[in-house]
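As structure tokens, the structure follows; a few thoughts come after it.
Here the chain labels run A, B, C and D in written order, and each chain numbers its own residues starting at 1.
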Amino acid sequence: MIPLLDHFIEIRKKTTQLCTPLSVEDYIPQAEEFTSPPKWHLAHTTWFFEKMILSEFLDNYVPFNKDYNFLFNSYYNTLGKRVLRKHRGLITRPSVAETYEYRTYVDENITTLLSKTVPEKVKQLVILGINHEQQHQELLVTDLKYSFSLNPTNPTYDTHSNLVGEPNNSSGWLTFSEGVYNIGHSSNSFSFDNELGRHKVYVHNFEISNALVTNGEFIEFIEAGGYTNFNFWLDEGWSWLRNEKIDSPLYWKKTDGKWFYYTLAGLKEVDTNAILAHVSYYEANAFATWKGCRLPTEFEWEIASHKTDWGKRWEWTNSAYLPYPGFKIKEGAVGEYNGKFMVNQMVLRGSSVLTSIGHSRNTYRNFFHPHFQWQFTGIRLIKEL
Amino acid sequence: MIPLLDHFIEIRKKTTQLCTPLSVEDYIPQAEEFTSPPKWHLAHTTWFFEKMILSEFLDNYVPFNKDYNFLFNSYYNTLGKRVLRKHRGLITRPSVAETYEYRTYVDENITTLLSKTVPEKVKQLVILGINHEQQHQELLVTDLKYSFSLNPTNPTYDTHSNLVGEPNNSSGWLTFSEGVYNIGHSSNSFSFDNELGRHKVYVHNFEISNALVTNGEFIEFIEAGGYTNFNFWLDEGWSWLRNEKIDSPLYWKKTDGKWFYYTLAGLKEVDTNAILAHVSYYEANAFATWKGCRLPTEFEWEIASHKTDWGKRWEWTNSAYLPYPGFKIKEGAVGEYNGKFMVNQMVLRGSSVLTSIGHSRNTYRNFFHPHFQWQFTGIRLIKEL
Amino acid sequence: MIPLLDHFIEIRKKTTQLCTPLSVEDYIPQAEEFTSPPKWHLAHTTWFFEKMILSEFLDNYVPFNKDYNFLFNSYYNTLGKRVLRKHRGLITRPSVAETYEYRTYVDENITTLLSKTVPEKVKQLVILGINHEQQHQELLVTDLKYSFSLNPTNPTYDTHSNLVGEPNNSSGWLTFSEGVYNIGHSSNSFSFDNELGRHKVYVHNFEISNALVTNGEFIEFIEAGGYTNFNFWLDEGWSWLRNEKIDSPLYWKKTDGKWFYYTLAGLKEVDTNAILAHVSYYEANAFATWKGCRLPTEFEWEIASHKTDWGKRWEWTNSAYLPYPGFKIKEGAVGEYNGKFMVNQMVLRGSSVLTSIGHSRNTYRNFFHPHFQWQFTGIRLIKEL
Amino acid sequence: MIPLLDHFIEIRKKTTQLCTPLSVEDYIPQAEEFTSPPKWHLAHTTWFFEKMILSEFLDNYVPFNKDYNFLFNSYYNTLGKRVLRKHRGLITRPSVAETYEYRTYVDENITTLLSKTVPEKVKQLVILGINHEQQHQELLVTDLKYSFSLNPTNPTYDTHSNLVGEPNNSSGWLTFSEGVYNIGHSSNSFSFDNELGRHKVYVHNFEISNALVTNGEFIEFIEAGGYTNFNFWLDEGWSWLRNEKIDSPLYWKKTDGKWFYYTLAGLKEVDTNAILAHVSYYEANAFATWKGCRLPTEFEWEIASHKTDWGKRWEWTNSAYLPYPGFKIKEGAVGEYNGKFMVNQMVLRGSSVLTSIGHSRNTYRNFFHPHFQWQFTGIRLIKEL
């Protein structure tokens, strides 16, 4: 197993590498309150290590800059006041260069800390920080795509990869029998608190698709009037669609009878064989209804995960994001990581083409509000028996 | 068992009786988009019988007024366009008197229909219409309380009953063992489609309070800084509280150091022994967290219901409103009754002092968005073992 | 000249007469924050006499109900807190009948007061109250029309009069020479403070239309693409039109190629000879631009008023509502009548078919925000020389 | 007189010089829809020369980049669709460097054009473009100050100048007699269309303050309860103040009993001798009312301008921004420059410490909505005789 310090350094480097294609200008804007600028992601993940670990456990540690706790705290009430979320794109100072200096400074101090023997608690926090950084790696590129998509010149992040998801060769339905299953994380390896603890769930017979829905299949839904027939939609989904004038997945646009979408490699014609992405829970649910199917619960998904081909898209489940039996919010700032968001969100399982390699696992619980399309979100179907 | 026609007549009369204390003026206003005027409730429940039953199954039935389908359809897309929800309080014509004539006309025609042998399907629709009417009986008074509360003169609906909930003598904790339980409606009696079908759920050990939280207990929470300490709150609850300036249950007001609340009998001093009402899910959840407890899931609630003292308040559960295994939305307008609302809402179990007698049962699934306070909603706690 | 008490009684009766066609239900709703319910108009005008006159000048006067100052104060900060403007439609109690009793009580007390010799100041306040009541007579019916128009059954206020404005036979242009003119009220008769004082204004040569624009002329504008060509519109007008999806005067609707409008006598085909009503300042300005003309300033309007045929529609001018030279806000509540509204509104001159007879005069300054359409507002043109 | 080409080059350089203190990051953010990023100002002013002049009058001119017309058009409907105003801060590409290349390219082409004999029309457009550029020089720094102020670290633009306005030594009142005055631009030099034509206005006797209100005087207003007494405020001003929680000029903050304000040199203690800035029209009007004075009309201001000490702050007048007699909107894009904004705004006269030297004159009509504080706006008083 890779030593902790090496793992730390590798993951930190990966974040920097993701920024290689960026100009200084690209680091700054925040397109919407729910997205964040690349520079902020770089600084916030660094602040996480500084505030949660260095300030607590490294003797005589001097914070890089006393203002950064205000500037780069995301949502930890325990750790004090912070800049308004919607103002993250206005903080042009510190500069991008200073932000990289901040990263270096913190990396050096973490290196110092980990070069000696540290208590298990510190190791766990470093691992948490690494996983936190990986989450922000994905968010950084996801948010960037959203921001770039609003530039009518369709800027390019990486011309070699449009990250649309590889053609999907698996197919068919997998059958599972009803009974009591164990759900949740159990091994000694890292997991977030929301995956704990391992517990029993009774699941009924179900049949689950091995393959994710493709763009081509979703175009059939569109062409069958999927966005104009209320029968397929949840009531709030139907309101959302009409208020926001939604008639396709995010980034899609029909020109001269052909579907195009904005990708990180620029504007491309939609690849009908590729896996669908950028649909909201409402769209996923409507598609499933149109198909005479439904979405899996997160338990069905986890049970099936040992046999399915997953990992190319975050998959909407029909489970609300709620605590597992015995879930307890931890004391202190770390307790604010997951538990306080357990209402009004739906669980997504799997991972996406943007997810840091090795970050996800089959007990991983991602979660977003049902109207969000900007993540790489796709659809897997359940046929009820 | 009471014959169907008698049951129909009895329930229809009950609605009218609830309106006895109202002036003509009281029938008109709609305080917020989520509430409806008394007159609208009277007419909409009548329209439900007319549109779902008489127009379909009574030969040569002539609708009372062709405009009413537009005016009194609530949310059935299948049944055509309708007046904007927020405009329900502007429809002064038909008059209150004409609305009562409408009720009489439909009652007479339902009587004619039920006087002959009718297919089982019709009977089932009449039973659905009766249950629908009972739901609106509760809504009518709940909405009226909300509307009256905004009149600074604290109007009185009924001086004899302030409907605050009787003192709660039961107490203590009931223990249940883990295992597979059957959940959902199974008998031949009426239920809504969202209670079906009977299915297995694995539930872990739990201990549930026999009594509901009282006003006095909730005042302790307030006095302990419950509304000013973010640690007790879900993140969206904390935002809600700060944006809406919430610092107590709905209708509460502190004057000269004493808590008062608006009741249907006017402004009263808060009865500390009475059962708490008018808290949002956010407040219920925060209170439970402060107590070191949690809210029950709807499954725990249903399992415990055979032993608990319930029926005085709708009780927030920690379960999101989602379909049971095998749930299918029915074809046609009836399919829009429940299924399309299964997102972003929390399940409430039990019934309240305003619920029509005999209407609820221990498999009944009520549901509201987590920020709503205007229903008679209370709190039951779970101690995890 | 009619004695003051007789005048008072006559005007008070007129308000009641305007309500003859109303059902009790019609008295209640408030369609939008900028409109008020009929019952509120009845009570507020009564409160004006009670609060401004009886409470101050009638010995031992006992207010009819101590809550009414809170309920029926419109916008006088000097006179204390008041019900939120948007909640006027929720105040079902006092009832309509009690509101009429309130009117009777106040009328009797004013009668008692005026039966003796009263100081000039009191007389002036009674005259102000009478003029205030007349303003609300017009508002009552204007607001009612707005409210009724949102009922899809097109309720009828008065089948004999649709109040669309008589055919307009006058025509041609009137020419005026440049020079210094006296503007504003000067005689001893009543005027509002905003018409004072008589002052000099230099006006350049202008040519003004004798006739107001008709519906037929406005249809030409629509058919010429008036609502789709930005060149005719002020920038804020163009935004307003697009955000609010405006494509005709208020109450207009095209069905099967014909224009219809909601009138107080129900839905009617648009009378092309009748005077146009229910256009915003933005529409008035755009129409004038399309014609190669402009709107008159309020000074041009007043100068021309001695020769023009006016009195059938409030006429948008191109003058902002600002104080005349020497304008001073009076001390006390009366000072809040006009002066505090002198920003962001445009002056309208003339009167409408709904204006109380004898209420307006050629120095009268009415004022509304430029986007409002719900008043009986029309267009007169200026050709610049 | 300086040759046109030299003048062009000088003004273009000035814009670039203003950006000297900026980091690349500083060029990007847009704080609010009503402000724009520095990069956008640089590009938009360049686009103005390209689109209005080079594309029309330079043979074989090749636009620098075909996308820029979409990206850098501000509000000219005549010139086609454009990026949403609120998205100006998301356009990270073109880069800052490319934007400077764009400037160089256009400057070279304008130089080519002006090196030959050009028609008078072209000269007039170049002069318009120069004046347009000067307006954006002021906006660039004004918008930057707003954006910087939202960074809690109080970034510095220029440590040597906080631009608070020099101490004001002039004082006393100047008296003017009533009569007909000539108002508006008349000489052959450049003016905007809204200053034309020279026309007669009758003005009554007035007495105007020679000095602008200082910070110290405004603190007296605050300490006298100016922000908590409705009597001083226009009704919309009072609503604005309460909704937006305004209790001081923009950028002011009271700490430990002392007033501080954010300046372009960082956070400073308020200089009580310096001229007040960053007040809305509502605040200016309220201050004047509190003083028993009023604001000047734009005509009084212009008449007095020959004797007053002006040029340190834009001064709110009590005149609405409306067309002068004979004002005609020009054909084509240039017609959209001023005329379409003539509603709901108030005229400001003078110039500020940020105004490009030589740009303003005593007939200049600046205009903003009455709630805006972010310009360098101050107060001059009128005593009525």
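Everything that follows uses one rule, which is that a contact is a pair of C-beta atoms (placed from the backbone, for glycine too) under 8 Å apart; a residue touches a chain by one contact, two chains touch by 3 or more.
Just so it is clear, the model here is predicted, and its values are computed rather than measured.
Any chain touching chain B that also touches chain C would appear here, but none does. With centres set at the average Cα position, the gap from chain C to chain D is 37 Å. Chain geometry summary: the mean Cα position of chain B and that of chain D are 57 Å apart.
The residues of chain A never reach two or more other chains; the list is empty.
Of all possible chain pairings, those that touch are A-B, A-D, B-C, C-D.
Listing the residues of chain D that touch chain C in their complex gives 75, 77-78, 178, 180, 199-202, 204, 230-231, 233-238, 281-282, 285, 289, 294, 318-320, 322-323, 325-326, 329, 340-344, 346, 370, 384. The residues of chain A lying in touch with chain D in their complex are 23-29, 31, 39, 67, 70-71, 83, 87, 89-93, 95-96, 147, 150-153, 155.
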